[in-house]
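Please see the structure below; I have some questions.
In order of appearance the chains are A, B, C and D, and numbering begins at 1 in each one.
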Amino acid sequence: MIVVLKPNITKKDEVAVLKEIRKLGYKPHIMRGVERTVIGAIGDERTHQSLETLAVWPQVERVMPVQKRYKLVSREAHKANSSINVRGTIIGGKKFQVMAGPCSVEDEKQLLTTAHAVKKAGATILRGGAFKPRTSPYEFQGLGEKGLKLLAKARRETGLGIITELLSQDHCELVAEYADILQIGARNAQNFQLLIAAAKTGKPVLLKRGLSMKVEEWLLAGEYVLANENPNLLFCERGIRTFETYTRNTLDLSMIPIIKQESHCPIVIDPSQGAGRSDLVLSMCKGAVAMGADALLIEVHPNPAEALSDGAQQITLEGFARLMEELKPFIAAAGKE
Amino acid sequence: MIVVLKPNITKKDEVAVLKEIRKLGYKPHIMRGVERTVIGAIGDERTHQSLETLAVWPQVERVMPVQKRYKLVSREAHKANSSINVRGTIIGGKKFQVMAGPCSVEDEKQLLTTAHAVKKAGATILRGGAFKPRTSPYEFQGLGEKGLKLLAKARRETGLGIITELLSQDHCELVAEYADILQIGARNAQNFQLLIAAAKTGKPVLLKRGLSMKVEEWLLAGEYVLANENPNLLFCERGIRTFETYTRNTLDLSMIPIIKQESHCPIVIDPSQGAGRSDLVLSMCKGAVAMGADALLIEVHPNPAEALSDGAQQITLEGFARLMEELKPFIAAAGKE
Amino acid sequence: MIVVLKPNITKKDEVAVLKEIRKLGYKPHIMRGVERTVIGAIGDERTHQSLETLAVWPQVERVMPVQKRYKLVSREAHKANSSINVRGTIIGGKKFQVMAGPCSVEDEKQLLTTAHAVKKAGATILRGGAFKPRTSPYEFQGLGEKGLKLLAKARRETGLGIITELLSQDHCELVAEYADILQIGARNAQNFQLLIAAAKTGKPVLLKRGLSMKVEEWLLAGEYVLANENPNLLFCERGIRTFETYTRNTLDLSMIPIIKQESHCPIVIDPSQGAGRSDLVLSMCKGAVAMGADALLIEVHPNPAEALSDGAQQITLEGFARLMEELKPFIAAAGKE
Amino acid sequence: MIVVLKPNITKKDEVAVLKEIRKLGYKPHIMRGVERTVIGAIGDERTHQSLETLAVWPQVERVMPVQKRYKLVSREAHKANSSINVRGTIIGGKKFQVMAGPCSVEDEKQLLTTAHAVKKAGATILRGGAFKPRTSPYEFQGLGEKGLKLLAKARRETGLGIITELLSQDHCELVAEYADILQIGARNAQNFQLLIAAAKTGKPVLLKRGLSMKVEEWLLAGEYVLANENPNLLFCERGIRTFETYTRNTLDLSMIPIIKQESHCPIVIDPSQGAGRSDLVLSMCKGAVAMGADALLIEVHPNPAEALSDGAQQITLEGFARLMEELKPFIAAAGKE
């Protein structure tokens, strides 16, 4: 930690700070600058208590941490890219992967039609929500276990792995029984108890970025998964909340190079949530592929206008087939398969 | 719903929209304007499916909802202010209330000292976290049940009601056994399963505003509590996330008049989380009182510099006593007791 | 400046950093921590070139400035509060001041009626826009010089000082001839050429906070005024841009204690722009007074529904009189006159 | 405009609204819905006064505009893409263009070295700031006219067109004499007087997006240029301000498909300002190319560590050459030359 003192403080005030630093277990190191005195407090910031409380002492101007607080998810901990094996599909390897399917599982016909269509177009994982977190209590909340059974049926018929959302600790066992990847939604991205429960199932966890989550907070939420002995973590950028209202969220594609720099875990882009508008999905996908994403998570529906949730951001089966075709040259340009 | 069509579309495209509107159960009503044709879709937006999916049809420019989506929390549903009775302390009535105590319960001495001191200074509810949601898995996570027992002891000794955070459905029964008010934290504000579980305990629920939650989303999260047959809901503004870094969050005091306009539920202000800096707490409290808040939620610690969590935002026992004194003229000016 | 090195770098890479630090005129001071080596670069950060470029060297993890970059506006430079004398009205002293008037000067009757009414209710400065910055080129752009002449007439009739917006360097001489305070709008808050030109007129300058301006940037924009030898600067918070759409802006009242801490200049609150809704103005004003603002800037119009600009945020003459009455107990509670 | 009335209002209150709508020149059209009555106010919203003031009437719940407020920049006004011809270089056509050069012009050697290097690597326009808007008055403010003369010299030697920033109306004539494209910076994006002055020079104008500018505001700022009879407008996304601090700004690449949808003007991406970190520039460029940008604006410096401004975001000459090489497959995939 770096502690910056205010100018012109008394010797006594300075000594009090040094004493407190030592009391909290750090070794202080003084540097006298032109206008300010700066104290380096030497000690492991992850095992010692934070010195940030000093910031409100009248003689202290600022306290700045030096170390990163995440460990297991960091690139330092694991130099090589890590990858996730989902029923033979490798996410985070040479091959670019596409996860696609409806926002919500609505009925057998809707799901199976979609599953066959996305598989034919080249998707390798099927997405579909059985339990849905909805802003209003009066909206469709998902088919629950019935939805999970339909997903399992679609997997049997198509061979596609399944990704579906986990939104309650109470559903952990049930959802883990059916899913190949557990998705943690943006609104639960700092629901740490859910993260721990998900980690403990042993299934791969896809962690969406919260609506106003900073990079460090996102990595630390991921750290909850790895610290609970589950190495299979995927980060998924799905748009952040900004002042802009033209799009539902602002898809922050800079997370692709940033997660690659800071972490060894794969990075997935969700352009459907990201924009909230199906007419922007193709363009977003091209950008994500070009910038080095490991996979896409795309909402596809046989008839978006009648979808029970988020119709505005789902694309049609034909639209998806076209999109997969149009992405090919960009996947090649990015050096992927 | 209002559906705005693009200019110069074909008759056929217009008819398709009208047909879809009828199919989804609304009655269309056409208005031809100067440059645009606008269709009013008449029908209850809360029971019919949303028309927002039409927004991505090529012939549609925009879809705008007309109705508010919240019902039970709204001022329309309940004209008078509602109030919550916590062991004889009325929140939402003529008397201004102050909830105070440490961020985390750390040990018996810390808690009891604080409880006696805040009671003496005029607080009527004791706050203290037994289960703590922490950004990093390596930080202090609270004393758990031991903390709850200490809170109960403090209640026995001081007579103060207890507010403490509920952060896991699994703890519902346990926390509800000890707490007089269940606090739902900002990071769980859209953890709908937790909201439902909290509501079902029958205990009053204090719902903090999420870091990037819009007014409507906050009211709808509150709707989850009332829709699960628990009328005892308090809204608590604790700062939102903005671009500003000088303060940890931006305390949005405009929520006081806004919640009063839109809802009948009491509004509480948390200036400690709101600024993340103890030196701003007093000023924030004055503003909150003047603007008509029903209560304050303040973090107080015997020795903030050695607090196990969020030391920078906790004030001392003496600071709290001074604050209570300084608030008096503002409480009087606001017409409260 | 503090330069944090990455762990496990070579000696040669470290030496290169030290060399560059010296080359840019700083004296390096090494601290070896548990996981990281940190270099304190000693030298005046305001006269030396920034070391922030080092942040992109592969062996450097982070560079953190230590000094504040503003000087003349800072509390350190001038311990006492400074105040502005506008035709005998002191802003920043014991007496609380209210500036009020229409968003735009529209015609003689509208302005004079308003001027007399706000004076009678207790306002001491008259506001009114003659040149209006409008989001669209097709909106009313103000009466220009004719508006200034009407403001001068209102001053002659009422004795109220005049504040009006300066939005172009070309108008500097003209506006300064009529105005007692030059207002710099939020959209021009970092139009540095305009700030310099305004400063050079010698008239007091009221600097609104830009829509997404951080505290440091705002203070530095103010520094442009003082550095151009004009000591008469007022800061004015008028709401920042956030994700919230219920209000037009989010009025950040925490700026009152913050500007008081960091600077000696008076702080004014504009609740009209701040919320964009006249029904929230009274509540915002109460908060601002309680938190220690030096003055308010309020939009008042004889008939807001027919105002040529921003009608939704202007209050009526009667509303203003009531507001002034309701503020009295809060002004007293805040220890002002 | 759509005016939504509150439920259960009196007939008299409704009539008052209808009267006001007519008075402001619109023709009201009533629709009675299930819970709300909605009035369509028919009339051209760009020539009539706004009805938004009605929003604060007690009987009115909301007012929603129907028309878009921009006209000349809109895709409706001009179906085909427009393009800008800069000394034979076409921006907005089949060929992808790259503008590159130093943040600030520092001296002859720095500029000429860079100009020759970027030309060799494939850039077709040279960028370089002669007048620099700086957050602090104590930072390097640019070489002024001397810088412009160096840019002219670089143009003579390399044949590259010149883009440079205009930040003051007073410099209009001077800068327009040297520049081929006038750049309006993010902090001046709503400095409407500057936009008008820039438009009137007749030179092409590149308009950066303001730090917290919504799409509609940006398009309207562009409208100021076209409405002043200058058809040569380029939009440039350079990152918006969000809560994220890992990057200096959040580059919003979704602006590429959005500007293409809403407007006929070319869209340029500035990845240097966008991230504020040179190590992210290459990845951002790939995304921008893939998503259909017409051009890039990249900061390049012979020795970024010693740059007089924004060193952290400038890339080296070698880095630029490599980047141009790496972009080739993506430019081809995007169907450009």
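Convention: contacts are C-beta pairs under 8 Å (C-beta built on N, C-alpha and C of every residue); 3 or more make two chains touch, one makes a residue touch a chain.
A quick note: this is a predicted structure, and the numbers were derived from the prediction, not measured.
Under the contact definition stated at the top, the chains bordering both chain B and chain C are A, D. The most distant chain from chain B is D, comparing centres defined as mean Cα coordinates. Chain centres here are Cα means. That of chain A falls 38 Å from that of chain C. In this assembly, the C-alpha centroid of chain A lies 30 Å from the C-alpha centroid of chain D. Chain A and chain B have Cα centroids separated by 25 Å. The set of chain C residues touching two or more other chains comprises 212, 241-243, 245, 279. Those residues of chain C that touch chain B in the complex are listed here as 212, 214-216, 240, 242-247, 250-254, 256-258, 261, 274-275, 279-280, 283-284, 286-292, 329-330, 332-334. Residues 2, 4, 7, 29, 31-36, 38, 40, 42-44, 64, 66-67, 76, 212, 241-243, 245 of chain C are the ones that touch chain A when the two sit in their complex. Against chain D, in their complex, chain C makes its touches with residues 20, 23-24, 46-47, 49-50, 52-57, 69-71, 133-138, 167-170, 187-188, 190-194, 210-212, 217, 220-221, 223-224, 227-228, 241, 277-279, 304-308, 311-312.
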